[in-house]
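Each of the next two complexes has chain A plus one more chain, namely chain B in the first and chain C in the second.
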Partner chain A sequence: MQFKKLLIGSAILASTSLMATSAFALTVGFSQIGSESGWRAAETAVTLKEAKERGITLKFADAQQKQENQIKALRSFIAQGVDAILVAPVVATGWDSVLKEVQEAKIPLILLDRTIDAPDSLYLTAVTADFIHEGNIAGDWLVNAVGNKECKVVELQGTTGSAPAIERKKGFEQSIAKGANIKIIRSQTADFTRTKGKEVMESFLKAENGGKDICALYAHNDDMAVGAIQSIKEAGLKPGTDILVISIDAVPDIFTALEAGEANATVELTPNMAGPAFDALEAFLKDGTLPPKWIQSPSRLYTQADDAKAIYNQKKGLGY
Partner chain B sequence: MMQSRYLPLIATALIFVIAYALCYLQYPNILSTRVVGNLFTDNAFLGIAAVGMTFVIISGGIDLSIGSVIAFTGVFIAAMLANTSLHPLLVFGLALTISASFGAMMGGIIHYLQMPPFVVTLAGMFLARGMALVISTESIPVKHEFYTFIQESFYRLPGGGRITTIGALMLIVFIVGILLAHRTKFGANVFALGGGIQTSKLMGVPLASTTIGIYAISGFLAGLAGITFSLYTSAGYSLAAVGVELDAIAAVVIGGALLTGGSGFIAGTLIGVLIMGLIQTYIIFDGTLSSWWTKIVIGILLFVFIIMQKGFLLAASAPKK
Partner chain C sequence: MNSLKRLAPQLITLAVIILLNYLVFPDFFNIKIANGKFYGSLIDVLNRGAPVALLAIGMTLVIATKGIDLSVGAMMAICGAVAASTVDSGGSVYLALSLALLAGVICGAWNGVLVAFLNIQPIISTLILMVAGRGIAQLITKGAILTFTDPGLIFIGSGSVFSIPTPILIWIFAGISVTFIVRKTALGMLIEAIGINQRASSFSGINARVLLIMVYVVSGLCAAMAGTIAAADIRGADANNSGLWLELDAILAVVIGGTSLLGGRFTLIGSLIGAMIIQSINTGILLSGFPPEFNLIIKAAIIVIVLIIQSPALKAHYQTYRDTKKPPEPAPAPSSRTTS
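And now, the complex of A and B:
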């Protein structure tokens, strides 16, 4: 009896202290994959910034590309008693048991920028971009830009078989299928890299009458577009005028090209996945509002009409 | 003399206790059953593999194939479970047979062809990793009720901590390892082999069976670590556990073993593994340090231990003059 009272008492104490901490200083654990790409470094930088602005104490753990490190980090977060956990999962499989542990500890968990193979009851929500939608935006821009003119497009694909490559291609094709005037005449992978983008574009130019037949280039990421711009210039053509350049990601370097008039449009894969995640989390902790299981991060279009220089300066410091 | 033999082990244990106390002063939550349970569960695969590595290092050898064998075992199990209807326990048996034979084969090459263990196990490392990649380059999920059963069977400690099946398995492996190393003829032979091949020949140590046995144990335990890892992540991934052999070597050296062979403690290796786990836990608790600090601290610890061992050796040889 005495013991029971003590238990209830301590439970009340624990819950009130929990509420007190969640109302004032939220502690959130963030298990990041690593820093393998500029975009990921930017994601980390933005997450730290978002947390700071909201007065959230962020416990950051870099998993160095290893799932075992991420699982360890999640367990340590539980032991530490954080109020919530953000995870950018390195692989899709193998999360069930640790997520169950998180759930038992009643800690809300949000997935960032990638999804996993596990029942969605194990996490609060996932914040990811919609690659098909990104392709749609890029395609729509081109449809508007060319109007009724004939337009032959060459496409630089991302790594064969990767989700962004498949879905960005699909989205773009959906949009240009609305009219019969835009056709993709050549499409090849350039592995998301700048050097491959340049090489593959060179071969496209040679194959298509020195590039005179090409009206636009669609690249699945900015890096390939930057490489391709180089080879268009070397072929004696003006990128951005003779050949329109559309790409995705919105990394700082493409803004330099936009400013110089060498690129025409880019769709942003925002590094700010944490912002929507924190919004959902704060609403959930405040009055239990359950967010949808998928929160789509905004995909914004940037063109030459934007202040490219200002955006470049703003993005430069994020670690891209 | 007995005293000085145990000095490295005592030093390791002291460092662990002091480090834990320092962490506790800063983050009281670190002294909870949860963290202790996590230390065992999260480092189970490393600990099990490190027991095998301790035998190898005491014998004066090295085994670089451990991480690859862990990955291979994981992928092999996942692929078997996905494509056949065999029970996981049977698949585990198969995996352990393969990994132990693989180790024995490397031991045989080392002994009969008189090749340096470094080169032979390096070849083994590439071979095992390559075979894992041939089976699958993608991560294969394991969805079997037996896995869920194992993952959900744990002993709940007061305070929310858990002694999981794999954590307990690691402790059992350590206990068996301690008995095997310090209480059996085979164990004595391993120490003798590490003291020098010529002398152990004179002492009548069966060189062939001991060498093959050591690498078979290391292979077997790497296979067992692979099973543990597969239970830990419910998946098989060919790029998993890269560099685990180096973490295992570090744990063995921090645990007081001499890299030149002839001296070492299985129990010390356990403390070595726990120290490494503690550093990682501290870094996650802090939440602002780069996780690469784990490597830096372990590097510094290794230097300290190598220098300390040199000091002990000098001190031990001085009074003899």
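And now, the complex of A and C:
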């Protein structure tokens, strides 16, 4: 115990002295959840790139989907005396005590892409996307695209009960509620996967007069849309023309579909959460500017008008 | 005739569920030809049920030896990843299929050796690969969904022969050939013997170890076919989601089909009907248009009802009920008893 206190004490000393002497050579610890999806791999790649461009030394810890690994990583960051910590928390609860330790060590901590159930005094800020806003953008695109025409929409939901599924649904519904001409006629979960996206879309097509009654498909992520595009083709219809396809995430494969004219629009869930986080951190360390408790990452809309091929090549390198 | 009578509960269940599908969706039996192949909800049931049907074939044999194979879903992910990465790096479709099947054989042999030679309980032996398998698959796909455009491999998932989708032909062919092999030789009986009493069957001269490894290899092969179909269907190997939780559906198909988890007597046709029952429920839920929050509840409710109807306790009650209801026959001849 005595040793541990000594360790933490020296860590604080080390960190304060580091901060005083070299404001530009920052050392930041980054505790990542793991690499369960292509998006997360891209987030890691972008974070490493952002850190390199800013001359920040990044200490990376992969938690392999376990909170205890993240807590361990945080404690070792304290011991190493890093200048700041970025955490993509794997779960929402159980952070209070370790975050208090971080705070006692006077290390600013920023949450990336997910929030937690803890008092917001325990962290500097959280950089996350607004899923409702993403749904709004997707819905607004459709409202503009169809104008006053009648439009029946089928929806592929994400995993039932997950935050992105609930909020992306809500946002889309808010936007299409502006006019009476757009209606969601079928909505079913496809668990964010291609296989289910294809299977569920198959049943939608059969249930709605072979797909002739469907004007647009809204998928809560690109993977489901990619699966659904295949079943639309197998039903003898043209995705992108006969049935408009709108989805969210902007993973590389949807750009292949955009280029081929088989998808119409996608809203980006940017993997660059670290950029805004580093901006806030540098401002805070420079003159103590406190950032807002929530920084919203930008959600950009991509359509067929964009240079899909170039974006595909650029994204492909990020490890999606 | 006799086997038809034994499969009666399964066939009736399937018929009732398909009738329910027809009630929620009147176009259920509509079949037309689109893009040169049969197209309709009934075809979807047969087509989408292919992975679980294939897994159920291998699972039936494993369960007949009193074992269980939890790793089939993960093996699907591995084999799909192997097939996709082979065509992705320029290999031919034949090489891809051979390597995928080989991967299935290796995974199955690993399970079999753990069970047969190290005597580790099957649920634990196969749990190892269930947990590690997706990691292996991710290493092969490098963590991303590995997409491909090879027409030969795509044919396995969404092609057709004589207008019948390929996956349907594959599972029916696999079902018939495995049934033929185990029923026209003594293999089936030997597998049942191991399931009933492994020591006794060893003493009577059956090479239990080799047979045990063999059934796990067959399970691996079936998973390899299912995994290749799943990858070919979406034109990409999804290491995270391919075959996710399908081991549970496969076990359920076997149980609904009438094979006991305690090993011994098994029925492959029953398991295949079981797989179709599960897929009919899934397709019916999708067609019905209920909100997704109800999916699992509806599925669970139907399965509970199916299992209750098939339960031995209810059967016994029904038997006593029938016996008491029957008017006492006047002086039944003792010989007539034996024919019933």
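Everything below uses one rule, namely that the second predicted complex is superposed on the first by the 299 of 320 C-alpha atoms of A that agree within 3 Å, B and C clash if a C-alpha of one lies under 4 Å from a C-alpha of the other, contacts with A are read in each partner's own complex, and residues count from 1 in each chain.
The rule is short, and it goes like this: contacts are C-beta pairs under 8 Å (C-beta built on N, C-alpha and C of every residue); 3 or more make two chains touch, one makes a residue touch a chain.
Predicted model only: the values in this text are computed from it and were never measured.
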Clash-or-fit label for the pair chain B, chain C on chain A: fit
Chain B versus chain C as contact partner of A:116, first or second or both or neither: neither
Which of chain B and chain C A:186 touches, first, second, both or neither: second
Which superposed partner A:29 touches (first chain B, second chain C, both, neither): first
Touching partner for A:253 - first (chain B), second (chain C), both, neither: second
Contacts of A:318 with chain B and chain C, given as first, second, both or neither: neither
Partner chain in contact with A:68 - chain B first, chain C second, else both or neither: first
Partner chain(s) touched by A:206 [first = chain B, second = chain C, both, neither]: second
Lowest C-alpha to C-alpha distance for chain C against chain B (Å): 6
Shared chain A surface residues [contacts with chain B and with chain C]: none
Of chain C, residues touching chain A in the complex: 25, 27, 34-35, 39-41, 44, 48, 138, 143-145, 147, 158, 230, 233-236, 238, 240-242, 244, 283, 286-287, 289, 291-293, 295
Interface residues, chain A side, partner chain C - complex: 35-38, 41, 157, 160-161, 186-189, 191, 193-195, 198-200, 202-204, 206-207, 223, 226-227, 230, 234-236, 253, 319-320
Contacting residues of chain B [partner chain A, same complex]: 27, 29-30, 32, 34-35, 38, 41-42, 45, 139-142, 148, 151-152, 160, 229, 232-235, 237, 240-242, 280-281, 283-288, 290-292
Sites on chain A touched by chain B in the complex: 29, 57-64, 66-69, 71-73, 75-81, 91-94, 96-97, 100, 105, 117
